[in-house]
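Please find the structures below.
Heads up, the next two complexes both have subunit A, just with different partners, subunit B and then subunit C.
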Partner chain A sequence: MNELDRKLVNPFNNDKDFAGCAIFGMMDLEGKRFGSKDPVKAMANMHDRSNGLGGGFAVYGIYPAFKDYYAFHVMYLSRDAKDKTDRILASCFNIIYDEEMQTKPANVIDPPLMWRYFVQAKKRRPENLTEDECVIQAVMRINTETGKAFVFSSGKDMGVFKGVGFPEDIADYFCLEDYQGYLWSCHGRFPTNTPGWWGGAHPFNVLDWTVVHNGELSSYGINRRYLEMYGYKCTLQTDTEVLAYAFDLLMRRQRLPIEVVAQILAAPFWSDIDSSDPKRSYTLRAIRQTYGSLLMNGPFSVVVAHHGEMIGLTDRIKLRPMIAGTRGDLLYLSSEEAAMRLVSPKLDRLWTPRGGEPVIGRVGGKKLVEVAAKMEAQ
Partner chain B sequence: MKSYLPSEFIVERDEDKCIRCKVCVNQCTYETHSYDEQDDVMRSKDENCVNCQRCVTMCPTHALSIKKNPGPFRDNANWTSEIIKDIKKQAETGGVLLTGMGADKPYLTYWERLLVNASQVTNPSIDPLREPMEIRTYLGAKPDALEMDLEDGDIELKTKLAPQLTLETPIMFSAMSYGAISLNVHESLARAATKAGTYFNTGEGGLDSRLYKYGEHAIVQVASGRFGVHSNYLNAGAAIEIKIGQGAKPGIGGHLPGEKVTDDIARTRMIPIGTDALSPAPQHDIYSIEDLRQLIYALKEATDYTKPVSVKIAAVHNSAAIASGMVRAGADIIALDGVRGSTGAAPKVIRDNVGIPIELAIASVDQRLRDEGIRNKASIVAAGGFRSSGDVLKAIALGADAVYIATAALVALGCTVCQKCYTGKCPWGIATSDPWISKRINPDIGAERLVNLLRGWSMEIKDMMGGMGVNAIESLRGNRLHLRGVNMTDTELKILGVKMAGE
Partner chain C sequence: MMGAQEKKVMAEIDPKVLSHVTVVNNVWKVDAQDLYYRELNTLLRALDRNGAEKVELHSVFGQRYIGTDLKTNLNIDIFGTPGNDLAAFMNGPRITVHGNTQDCIANTMNEGKIVVHGRAGDIAGYGMRGGKVFIRDDIGARAGIHMKEYMDKKPYLVVGGTSMDFLGEYMAGGVLMVLGLNLKEGEKHRARFVGTGMHAGVIYVRGDVTHMGKEVKMVDVDKGDSIVIEGLVREFCGYFKADFDKVMSKKFMKIVPYSSRPYGRIYAY
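And then the complex of A and B:
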């Protein structure tokens, strides 16, 4: 990313994203799709947790007709950037279908051109890269080389809609009432820097992984340097980006189960490790010794999602809020209980997860397991 | 030849307070004080005084004070008193000027130009008195990734980790050899390391068999002289350190004069009593990186791969590339000793001119190992003039895993940094093998003073970490965003990998 563009995305050259936020996650554990009504209503209820400088939604299961193709949501600040992006995409993929994204006038600030592509990885790929790796490379290239294009999302059968405005206005702008998904991960942002930048809103995405994040990582400096050793370029200089890459490294590339990933990102204290039984103590110690640089320190609560799974996690001393609830097949994660109660007054279960204790929702439905399994196989 | 050297210090005695008790006479090992029986007066030879403050501290009536000799020489920014005296000294002796301790010039330090961050509003600071604040550190090679299976929530770890050192505080005692310092000092360090949950480094003179019981907290050193190196010694320690170089005197060896080689020291070093112990400048079996690999693996074989092997080098111009080679040669720990590193004896010109500041070495080595994707394969231990917990914290933020302290430990024991360690007459009983003087260090008290120092620094580190909003030291390590620079050029900021304050 050149100097001009860095100024655009991070005008004050801040270390990281200083932001307070609202987060909300809602998923159907049977994989049944539902509309935007409840997630948007919940986010609107937490209006005061954001300040109108960022809102966004990640929705899973929205493109059943194109579910075999990577769906790129790309933002353009100039026509020229689109031409460059088109060339990059065309060089790596067969573009199956593309269109300008459907929007309508709403209370949002300076909306950029938004484009949607459905693409298929080419059979002949450089250096025997997997399809997923091709996608990651293309995303990194578009974000760093074109200057004024930015990829919002790049996973299959999912998409990210985000921008500058309150979450309910962003939903309005992108006509989210027209979409159905089985998992909605939502974010309202209260940044103290990077104003007016659509790409800086959450969720952040790599492949089908998305992260919405409330907090500030005091460990960001070392988290980023560790990830750089594994080839991740943190172009946005935001701490949420490192969370997304950390999940990608640990869960997709190293195939560690979320139970272990939680022990890495919100590691147990040494005193707890020492007092565990010898075998568990040895394992936990090895995990912390090996992945200490990925400990996410400082206040955060986060909802991470990919196909078939939604995970809620907070820092190990729970400096940011998160509450969880279920009703029937629905799992809710929320910054505030009121938002959850508003859309589901009669919860079967309501609990406050402890710091560092993940809440994991997995889809049991057959159709969605197939999607997940197919991607695993690749 | 008549000496043209003026005395450096002037001893002032308040005759009203002096009770002629002769404590000063007994305490001064340089024979500065004497008692004139005929006239019943105390006399002092100013030219002998090294300003170690021993007599001042011990005088029961506080009758003594030492003043710097304002000097007979005219002020001159280029031809300073120090330089004029050094030249006269060499004109009179024709020798190499020796000195002790670390570089005493102010222009080699960066710590004061690095400032630490704290949390305000957007994230909370953490109170270490009320919440856990973790500074435990593990040194040794870490794998790239862990392989494991998960069955019914039970994690089955398949990767086996290399041996690790466990430090309850990221501060260890640096290498000081038996012979250069007394047995009582070694014992004080060993007991303090054991009590504080950290490590002391034996230095290159072996480990007295009476101290083997502290071996679990010892890093045993193997240097070019191979003094005291045998199978039991290697296996007595928790880790082994190959000493290639030392910050105070990069590129040269060492020399323990025969008069310091007493019975115990001779036995421990495995040399005849009274013979000079000469450490060659290089290790004569290491003329290249592949030779280093052989020694690393010879030591690993000798200890059955149960102990991490550290390699210590002086921080020099190509440290980053050298460190990368060391990691690839199998070193589990890289110890870097900066230009301000201390010593018992070194040529002054080498101490003050050779090597590079430790701050720059930490930054460039840490970054190089990351660029090459091998930072996890070795820990970095930094040494060379750490004076406070602030220095330690900044070193860790730059990328060190832990630090070695030596001068600070000796100061805790009584040292006043008079820089005369090479005379073997340390009036504080530290840098000496004279049994009469070395009794001045009581290991009970010595260990207590050292443990107190470590405790104090550890608490200060926790306080600063809490302020930054991190409660585990691994979130500070290499986290250069918590540092800002002042009064530095762009190149200096770039090498240190920190932003300018206000940026």
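And then the complex of A and C:
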């Protein structure tokens, strides 16, 4: 076996495989920006939850100087793909600025070419599409048509950094110490059923929505077919991709509140629906009938983020861990309490959300406090 | 002056780990910050093997499997947050945790005791086969899943707070007790699907639960149960300074399976 093969098969000569992805979210509820130190420290603490085949970060509020432009992060598996992608981008957008992303040598495997573009939607758009729709169409086109180019970040004033390696190594590779954000959503990957490749690392993103996920969506097939009806094409070979598109569809396009979205993705049992009061039972039944194909079956805990909001959610029977804590203006979501304690030894509040009940942090909002209080009361 | 035992242990330990260790009055103090779990557990094995009696682990942040494979009556005090699978396969020592624990504590534990001054995560007591676990506060989902007993081996898991769903799932033996000391007057344990798939053992609950699996029933406690309950509550109160009479003043109920083979008709032909 040559060196590369050996690394890919068993990069650290572990004699045992450890289990479980690591997720971590950290948000300043006042919107103050902070550096990568704490999020990376927390992820490094949960090192053994991932196996070096994927790590990533989504950071919000990182491009204040370019905040009015969509920031595209694109990975190129071939030079050819870059030419094609440049043409697609130029035809849909005014490219304000583009550059190769800053990287430095780190313990990551076989990194592709990484490019960053700041683009502005053209004034004249076909079929009166909104700017956001234009971006989604362009992302889907690039991901499906070029074959070797993948847009892994396409929101304004936020960015995703991900690849094959442990999260702390990915942070190193992308020089995350140079960035500041008010919300960090992080992931260490332990791929089970799908390949570990650069595009398949988490977070998954479309516009400014990102998802990091611990678990497995056995409903991927039906979710994917449902989302295809709305123009979302799944190209990243990983189940979690459908969650990112589902959140974009339900929350951005259909403007459903997270409380309803939680009932769609982690729907209550029919027995619970039947035993609710008639009005609630009617609503829940309608939701399940309408959105049956978006029910996420299988174990999951996820951190979902977009500008100004971070949401933690687990499956309804709590098959994956998640713990939440607050300290001052900071909200933490984590797979393990120890990682949270490492960056914040003292916490004002610490609780375990029940299966299917979201934890919601909003910038400037009192929402989190309400939800937490409600949970504690229950 | 270094005793013979100390010298022997010191000789066995990696010099890098040694710098984290100090011995004061026969108490081995370990600064676990930045120690990898393998180094920490190798150290604990060396201490266990050479007859150490008391160990204090400070600044513990998520190191896994602490206490695994230990066979003597070692006393371990943990300050911080031990990682998953605390005391997995442990066979004797007594662990006191001054803080919370994560998932899967006492996984397949064989003998010994864990006292947690805090909460525990999901699947506590997973496949536990002996020993005792006392948790002061709440417990996550699936506590006591697949606990089992055989002849004189019988595990006990006592929870001071309340439990999440699937308490005692697929339980095959042992004793689970949930006191609900943090519940308000008249409030039920919010746990649903209690005892799903349970086919042996017993769950004692102080108060009522929201929903039970269809394989179990709730019945009154009898005289034999009361002796077990009183013994466990007395021990619990000793560790956590709770008021024994107050705990015992509320009614206990017992959850037991209908059948020792709930799925016999599904899987057997």
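Just so we're on the same page, the second predicted complex is superposed on the first by the 338 of 378 C-alpha atoms of A that agree within 3 Å, B and C clash if a C-alpha of one lies under 4 Å from a C-alpha of the other, contacts with A are read in each partner's own complex, and residues count from 1 in each chain.
The rule is short, and it goes like this: a residue touches a chain if its C-beta (ideal position, glycine included) is under 8 Å from a C-beta of that chain, and two chains touch if they have at least 3 such contacts.
The shown structure was predicted, so the numbers you read here are calculated from the model rather than taken from an experiment.
**Q** If you stack the two complexes on chain A, which partner ends up touching A:Ser293: first (subunit B), second (subunit C), both, or neither?
**A** Only subunit B; A:Ser293 stays clear of subunit C.
**Q** For A:Phe66, is the partner it touches subunit B (first), subunit C (second), both, or none of the two (neither)?
**A** neither
**Q** Where does A:Val260 make contact in the superposed view: on subunit B (first), on subunit C (second), on both, or on neither?
**A** It touches subunit B, and subunit C stays clear.
**Q** Quick check on the superposed pair: does A:Phe34 touch subunit B, subunit C, both, or neither? Answer first, second, both or neither.
**A** neither
**Q** Scan A:Trp270 for contacts with subunit B and subunit C and give back first, second, both or neither.
**A** first
**Q** Is A:Ala339 touching anything from subunit B or subunit C once the two structures are fitted on A? First, second, both or neither.
**A** second
**Q** Which partner chains sit in contact with A:Pro321 here, subunit B, subunit C, both or neither? Use first/second/both/neither.
**A** A:Pro321 sits against subunit C, while subunit B stays out of touch.
**Q** Of subunit B and subunit C, which one touches more of subunit A's residues?
**A** Partner touching more subunit A residues in the overlay: B.
**Q** Kindly list the residues of subunit A that each of subunit B and subunit C touches, one partner per complex.
**A** 317
**Q** Touching residues of subunit B toward subunit A in the complex: what are they?
**A** 119, 122-124, 126, 131-132, 134, 136, 138, 142-143, 145-146, 148, 150, 153, 155, 157, 159, 161, 164, 370, 373, 375-376, 468-472, 474-482, 499, 503
**Q** Per the contact definition, I'd like the list of subunit A residues that touch subunit C in the complex.
**A** Spelled out, the residues of subunit A in touch with subunit C are 45-46, 48, 317-318, 321, 323, 336-339, 341-342, 350, 352, 354-355, 378.
**Q** Taking the complex as given, what residues does subunit C use to touch subunit A?
**A** Against subunit A, subunit C makes touches at 37, 60-62, 64, 80-84, 100, 102-103, 119, 121-122, 138, 140-142, 164-166, 190, 193.
**Q** Inside the complex, what are the residues of subunit A that reach subunit B?
**A** 13, 15-16, 18-20, 192, 215-216, 218-222, 225-226, 228-230, 254, 256-257, 259-260, 267, 269-271, 280, 282-283, 286-293, 295, 297-299, 316-317, 319
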